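In what follows, chain A forms one complex with chain B and a second complex with chain C.
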Partner chain A sequence: MTFKRSLGWLILLTVLAAWIILAQGMAGKIGAASLEGLVRVFSWPAFGYLLLGNLIGFAVGMLPGLGGPVTMALMLGFAFQLKMDAVEAFSFLLGMMAVTATTGDITSILFGIPGEGSTASTIVEGHPMAKKGEAGRALGASLMSSLMGALIGAGAIAVAIPIVTPLVLALGTPEFFMLTVAGVTFVGALSGGSVIKGLAAGGLGFIFSLVGLDMQTATERYTFGTMYLWGGGETGGAGIGLVPATVGLFAIPEIIDLATKGGSIAQAHVGRLGGVFQGVKDALRHWWLVARCSAMGTYIGIIPGMGGPVSQWVAYAHAMQSSGKQDQVGTGVIEGVLGPGAANNSTLGGALIPTIAFGIPGNVTTAILLGAFLVLGLRPGTSMLTKDLDVTFSLVWVLVVSNVITVSVCFLFLNQLARLTRIKGTLLIPPLLLFIYLGSYTHTNSFGDIIVTLIFGALGWLMVVFDWSRPALLLGLVLGRLADNYLWISYSRYEFGFLARPGVLIILGVIVMSIAYPLIKNRGRGRSAEAAP
Partner chain B sequence: MNRRSATLAAVIAALFFTLGTATWGAAEVSFKGKTVAILIPYSVGGAADIMARQMLPFIGKQIPGNPTTIIKNMPGGGGIVGENWVYNSAPADGTIIGQFSTSVTDTIFKPTKVKFELAKLQWLGGVRETTVTFVSKDLGITKGTELGGVKKKLFFGTTSIQSPRSMIPRLLLKILGKDHKLVTGYGSSGDMRAAIRRGELNMTNDSQSGYFAAVLPMVEEGAVVPIAQEGTVQDGKIIRDPRLPDLPTYYEIVLELKGESVRKDPNYRAMELLAYLGGVRRGWVYAARVPKNVFDTMAASFDRFLKDKAMSAHFKKAIGFDLVSLNAPAAQAIIDKVVEIQKRDPEALEILKAMAQKP
Partner chain C sequence: MSFRGLSIAFTGGLFLMMVWALWEAFGWELQASLMAWLIGLPTAALLAAQLARELAGRPEKAVAPDEDGPGLLDASLVEREAEPLDPAEERRRTARIIAWILGFAAAIWLLGFQFGIGLAALLYLKCAGEKWLAVIGITVAVLAGVVLVFDCGMHIFFAEGKLFTWSGLSTSPLFNGFCYQVTSPFKG
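Here is the complex of A and B:
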């Protein structure tokens, strides 16, 4: 532990020193632009649009399937028609987007149904807490960590401005590939009891991720002649959508459970509603974990192709690993709520960095935002970091203000929300099923989405019965396609030479260390235990 | 003839007369109270979808009866699911307009999946865009004709090996006999711009909208140099796009370096075929089943839409350059030419099909 912690401090101090050197001379300008950005966000009508955006985002986050990116694309036209200026439009669009990951955690915890594709991991520990009658505590913890994550993600934009070139361009595709490999090593932490079963589940997820048109040669893989499995993008894509698969894996087994057991979600008596405050305290007590997971979320946001769906699982795995409670996966470990709660919120801040600085969108959301930038007469690139720095800072403030408002409002209703877990299951099931199928259907608006949800529902139920790790499968599903794609590009560009790149070797070293360290530690512990008597 | 059959005959005659006036008499069909959908064969949030959403307020007011206009997304099969649906299953009353981006090349590269005939689609109009190839400043060249003398190895990046956009520069390099490596698999133009910045690639190309939006700042900064464009088709000839008058086309570069004899090279003819294939960048279509009078009404509506000053002002702001639009006859003429060349020059067609399989 001491070794890990001192390594952490060393990295932190190095980064800080590098930043101070690079940021020299920019501090004054950053301060002034920051203040101006804040004023513009609070001026009318921008602030009104921000509140409207928050309200829409609140609902979108809670509704399963209806995701932030889709809604943003739909709202884009609205923003143009009202002839909003840049800050007004971003207050509206980003204000909406910024809170979806926050409220998406709520349905994950209460009903075991992910509100967003990026909030599924909160289910694993959060929903068992709700079943134990601790919904209030889980919600308090998740909201507080979401807020902290959003603040850190937003702060990262400000911090990144002077060091944006090395931050975004230091790593190339071969390094991205190695990072996905590093992600795969987390399967161990996600597997619960049996590592072998965890690896098998991860491998299965990997195979599922390959279904579709491959991104390099447009070859059909495992599509069995159905065009549904080609995927929905302009150049083809993943045949199995993340939302239908996630909703099926997690929500369907919960519904079956609720229907067969009878009663309400909370099987134990719902504890004193003061639990919310307990959750807030949990987040503050584990501030260092929340900070680490936020930082991870931010950096994953910067990497093209990755985003909330990846960062939540990596953060969850890291939280469980560092808590030392890997043998209690799925029993309601509070760290497992805090980690993903923070990471899925900080990812948006990270994804904005390359978009603002280079016009390189990190994910779908920022790709849509980039479209909005241009319509509003903003050119991403140097001008966003010099001439339009106040607009850039208004984005930062929109993230901050939106999350502060939404989390505060949520706290007001949290006790009422937690009471939902006491409603009789027979009353809850019909509306939940409606939302599940409606949500899945929005993936490609075709019946295939429902079939995928049902198949993954059956698979998820079997995995629960036979105690296989669903998180490991989902990690395989989100990382598989990325790993395949990054490996192909790396090989076709550098051939095997990519393995000799310094960045690749460093990440490889970290992977080897992270696998070897617990083994060595355990062996040492084993010896001292033998020697003790 | 008894009275009864006389009445019947009169009723039938009246019926035919009414129907007759409905179909021949009324030139313009009203869409009052109806909902007209633009079908995008891709997901919400893609480039095609966002463009169509910006069009909506401008198109609705040009259609007689001012119908409600909406976007309908039908993603799948890289666009083919929606294209097939419009052609075979959509209602024939004119309330579904397809906005197609790749229907032309789909008929060549995915023939077994396509369930429509290019020649039978009815084109309401479209927009034209060129594509631009640019190289990293590290190559040390300032124009396309210097490409042959580059010492460094060329790494040309694209999305997929089937991407029609990348085929023209690939053919250019092939004709010039320039060794290069094709790096495929990038998710978007944004990923490729990042790859050029970090030295992973040193050559790629982008659509005109992508060029104006995100590549031009890199050109001004000195990070990349534009070297060639695809050009556009006008009156049966390939010309420089009027919005990029100083950038030579691939064809000019090849002709300058190789002379007129290159026109006989099947690779050059394949390059020309590609220019026609890309002639209608985004086109609005009706299925063959939609009646002629409905088509005429909608084609006229699109013509007014494309001439609308407020619309072009909006798009100029949104994409950074003037929209060059094609009315129904112009779009139809380009498609006719595509169909004709494909029949006339199977050799050029085979070259393109082979390129979609092997680098």
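Here is the complex of A and C:
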């Protein structure tokens, strides 16, 4: 057994021991609530709503741009119109959300367009596999790792209930600020093309996130006097909506590429999907990687404001680094499919933990879900951890059951899904443009969303042409508004003294290492190249 | 202009944009400008360094795409393994698809989603040389998706096309909120 694996087991056993100590007083109650939650999920009409939610989530996940949060917001009213009780409403809403990342991976692999914002990283290795004729294997690996990730994420809620408080409270606002910077730096520094370009792209993303009306000071930041850019979208008041920007950055360049190169998405022959089970075997063979990436996804999900868009990239970077195949990036490395697949599915479970425990939503989805909690008369915190513990456990079961159902359905229809890659590019472009424009339009139901998509599409295409990192820019945009808030709170409390906090210094050290590592690596590579005869 | 010249222009444009962003932040209160300064200054420095490197003609120090494949974390650089295209033909195709992307947006703006996307899809497919069966099939599928799924199913509010607003046709159920207006008499 390797040292790394031994260390992993040691950590796992320590956490387990801590959990047993903390949970020993709650064991009976947890067991009863868990069973009650399971029965309620399988009762009628809750199970019917769960299936309906799964169906909508399946479609929404596959549609580029039409993200889960937007759909959840749209469906929220529908849930209340039908006068659903708490478990029915969560079976429907959470059942819908639970599967979007799973089916979003399918679109990412087959079309090279992120079905969900949280599945963009799956494109990097998954889409090249589809183009090599290994769509089945990539899908099999992605689905299996998604299922494992979702189960681990759901399990994390149950496990975390007794121990969650010290985990989240250990970090303060300055550390959260540094974590957002660290997230962007990791992605920027690992952009491959150039560390400078990667970091600059992340910085640009941060600046783009400032566009809009600053709610605290009523300052118009880079709005050009336009009301549309005042914001109020899902990025918490930011003027540039995440959905139109993401769709523009990633989908428009892919459409241009598809139309320019011609042919079908799969340049090579898409073989019979015998490779599906090879993908499943890949996931099982790399179970420790899947478990690690699921744990990362869960933990990142716990941190407010982070979530699928961050966890997928962190998991991807970890998967590639630990695979030792950094020199094969973008060529269809299976580990690069397994890591993000697991992480983006476990994130929802993690994000639900602070939502249930403290009423602090981990991401946009759980923020909307928090609204549903309150409307349905549920109070996050003590109430959901004691009186309504069965409802809390019903959330866990919804995640589990939804993913089992969806992954099973996906396996049944994989042949048909993989054949989509052989459709002629020209036939795909009109429906894809429909989803691109419709997906971005649903952000604020304004033509301004389409203009933002076009602007970011142009930027994304130029970044592709000149080899700049789009994910770094996107991550800066995602985390920027949050970082802005954390920064101001930290500054107003400690001024610049917050930079001397131990937690901040540790994260800063990690940031410096993440920047230095590729530079040192390249220098070493340069020297060995010079030394070569 | 050469590829290098275009690359320098792009980096220069980003640098100028960042300088402008910092300049704009001058007049803001500290709370609004702190982030812009803290992140903007190092970003501007990085962009200036990159611009200087490109102007000096220094090659990228990091992993070269031909050596290590596409850049880590950037899906865009995944090259299709098709036969290499003639550069002039590639430029023509790129210009054509960009025009179509803008054309679809213009059609939506002028005619609204229901009609704009349908008309643009029909024209695009016909211009791409597809057979009528495929043209009509895809166009109908696209229209059905807009009307049945998004309008009737998800009740997304579609803004009316500017042409209908200008011509006064926007009150017709055919041109605005088709699903809602058709089904509303039955809702009591």
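Operating definition for what follows: the second predicted complex is superposed on the first by the 469 of 533 C-alpha atoms of A that agree within 3 Å, B and C clash if a C-alpha of one lies under 4 Å from a C-alpha of the other, contacts with A are read in each partner's own complex, and residues count from 1 in each chain.
Just so we're on the same page, a contact is a pair of C-beta atoms (placed from the backbone, for glycine too) under 8 Å apart; a residue touches a chain by one contact, two chains touch by 3 or more.
No experiment lies behind these values; they were computed from the predicted model shown.
Chemist: Once both complexes are superposed via chain A, do chain B and chain C end up clashing or fitting?
Modeler: Here the two partners, once superposed via chain A, fit next to each other without clashing.
Chemist: Tell me which partner A:V39 touches in the superposition: chain B (first), chain C (second), both or neither.
Modeler: A:V39: touches no partner chain.
Chemist: Mind working out whether A:T173 is in touch with chain B, chain C, both or neither, as first, second, both or neither?
Modeler: A:T173 contacts chain B only, not chain C.
Chemist: After superposition on the shared chain, which partner residues are touched by A:P354: those of chain B (first), chain C (second), both, or neither?
Modeler: A:P354 sits against chain B, while chain C stays out of touch.
Chemist: Under the stated touch criterion, which partner chain does A:L52 make contact with: chain B (first), chain C (second), both, or neither?
Modeler: It touches nothing on chain B or chain C.
Chemist: Which partner does A:V510 reach: the first (chain B), the second (chain C), both, or neither?
Modeler: Neither: A:V510 stays clear of chain B and chain C.
Chemist: Please tell me which partner, chain B or chain C, touches more residues of chain A.
Modeler: C
Chemist: Contact-wise, after the overlay, does A:G377 reach chain B, chain C, both or neither (first, second, both, neither)?
Modeler: Once the two structures are laid over each other on A, A:G377 reaches chain B alone.
Chemist: Looking at the overlay, does A:Y228 come into contact with chain B only (first), chain C only (second), both, or neither?
Modeler: Once the two structures are laid over each other on A, A:Y228 reaches chain B alone.
Chemist: Per the contact definition in the header, classify A:A158: touching chain B only (first), chain C only (second), both, or neither.
Modeler: In the superposed model, A:A158 contacts neither chain B nor chain C.
Chemist: Give me the angle at the C-alpha centre of chain A between the C-alpha centres of chain B and chain C, rounded to the nearest 10 degrees.
Modeler: In the superposed arrangement it comes to 80 degrees.
Chemist: Identify the partner contact of A:V195: answer first if only chain B is touched, second if only chain C is, both if each is, neither if none is.
Modeler: Only chain C; A:V195 stays clear of chain B.
Chemist: Report, in whole Å, the shortest distance between any C-alpha atom of chain B and any C-alpha atom of chain C after the two complexes are superposed.
Modeler: 5
Chemist: Of all the chain A residues, which ones make contact with chain B and with chain C?
Modeler: Comparing the two interfaces on chain A, one with chain B and one with chain C, the shared residues are 74, 216-217, 445-446, 488, 492.
Chemist: For the complex, which residues does chain A have touching chain C?
Modeler: Touch list, chain A to chain C: 71, 74, 112, 120-121, 123-124, 127-128, 131-132, 187, 190-197, 199-200, 203-204, 206-207, 210, 214, 216-217, 219, 221-222, 250, 252-257, 259-263, 267-268, 313, 316-317, 320, 326-331, 426-427, 429-431, 433-434, 437-438, 441-442, 445-447, 450-451, 454, 457, 460, 462-467, 469-472, 480, 483-484, 487-488, 491-492, 518-519, 522, 526.
Chemist: If we count contacts the way the header does, which residues on chain C are in touch with chain A in the complex?
Modeler: Chain C reaches chain A through residues 6-7, 10-11, 14, 17-18, 21, 24-25, 28-29, 31-32, 34-36, 38-40, 42-43, 46-47, 49-50, 53, 60-63, 65, 67-78, 80-82, 85, 90, 93-94, 96-98, 100-102, 104-105, 108-109, 113, 117, 120-121, 124-125, 128-130, 134, 138-139, 141-142, 145-146, 150, 154-159.
Chemist: Give every residue of chain A touching chain B within the complex, in rising order.
Modeler: Residues 69-70, 72-74, 76-77, 80-81, 168-170, 172-173, 213, 215-218, 227-228, 230-236, 304-305, 354, 358-361, 364, 367-368, 370-371, 374-375, 377, 379-383, 444-446, 485, 488-489, 492-493.
Chemist: Going by the contact rule set out above, which residues of chain B touch chain A in the complex?
Modeler: 42-50, 53-54, 56-57, 73-81, 101, 113, 155, 159-163, 181-188, 190-191, 193-195, 197-201, 213-214, 217-218, 221, 314, 317-320
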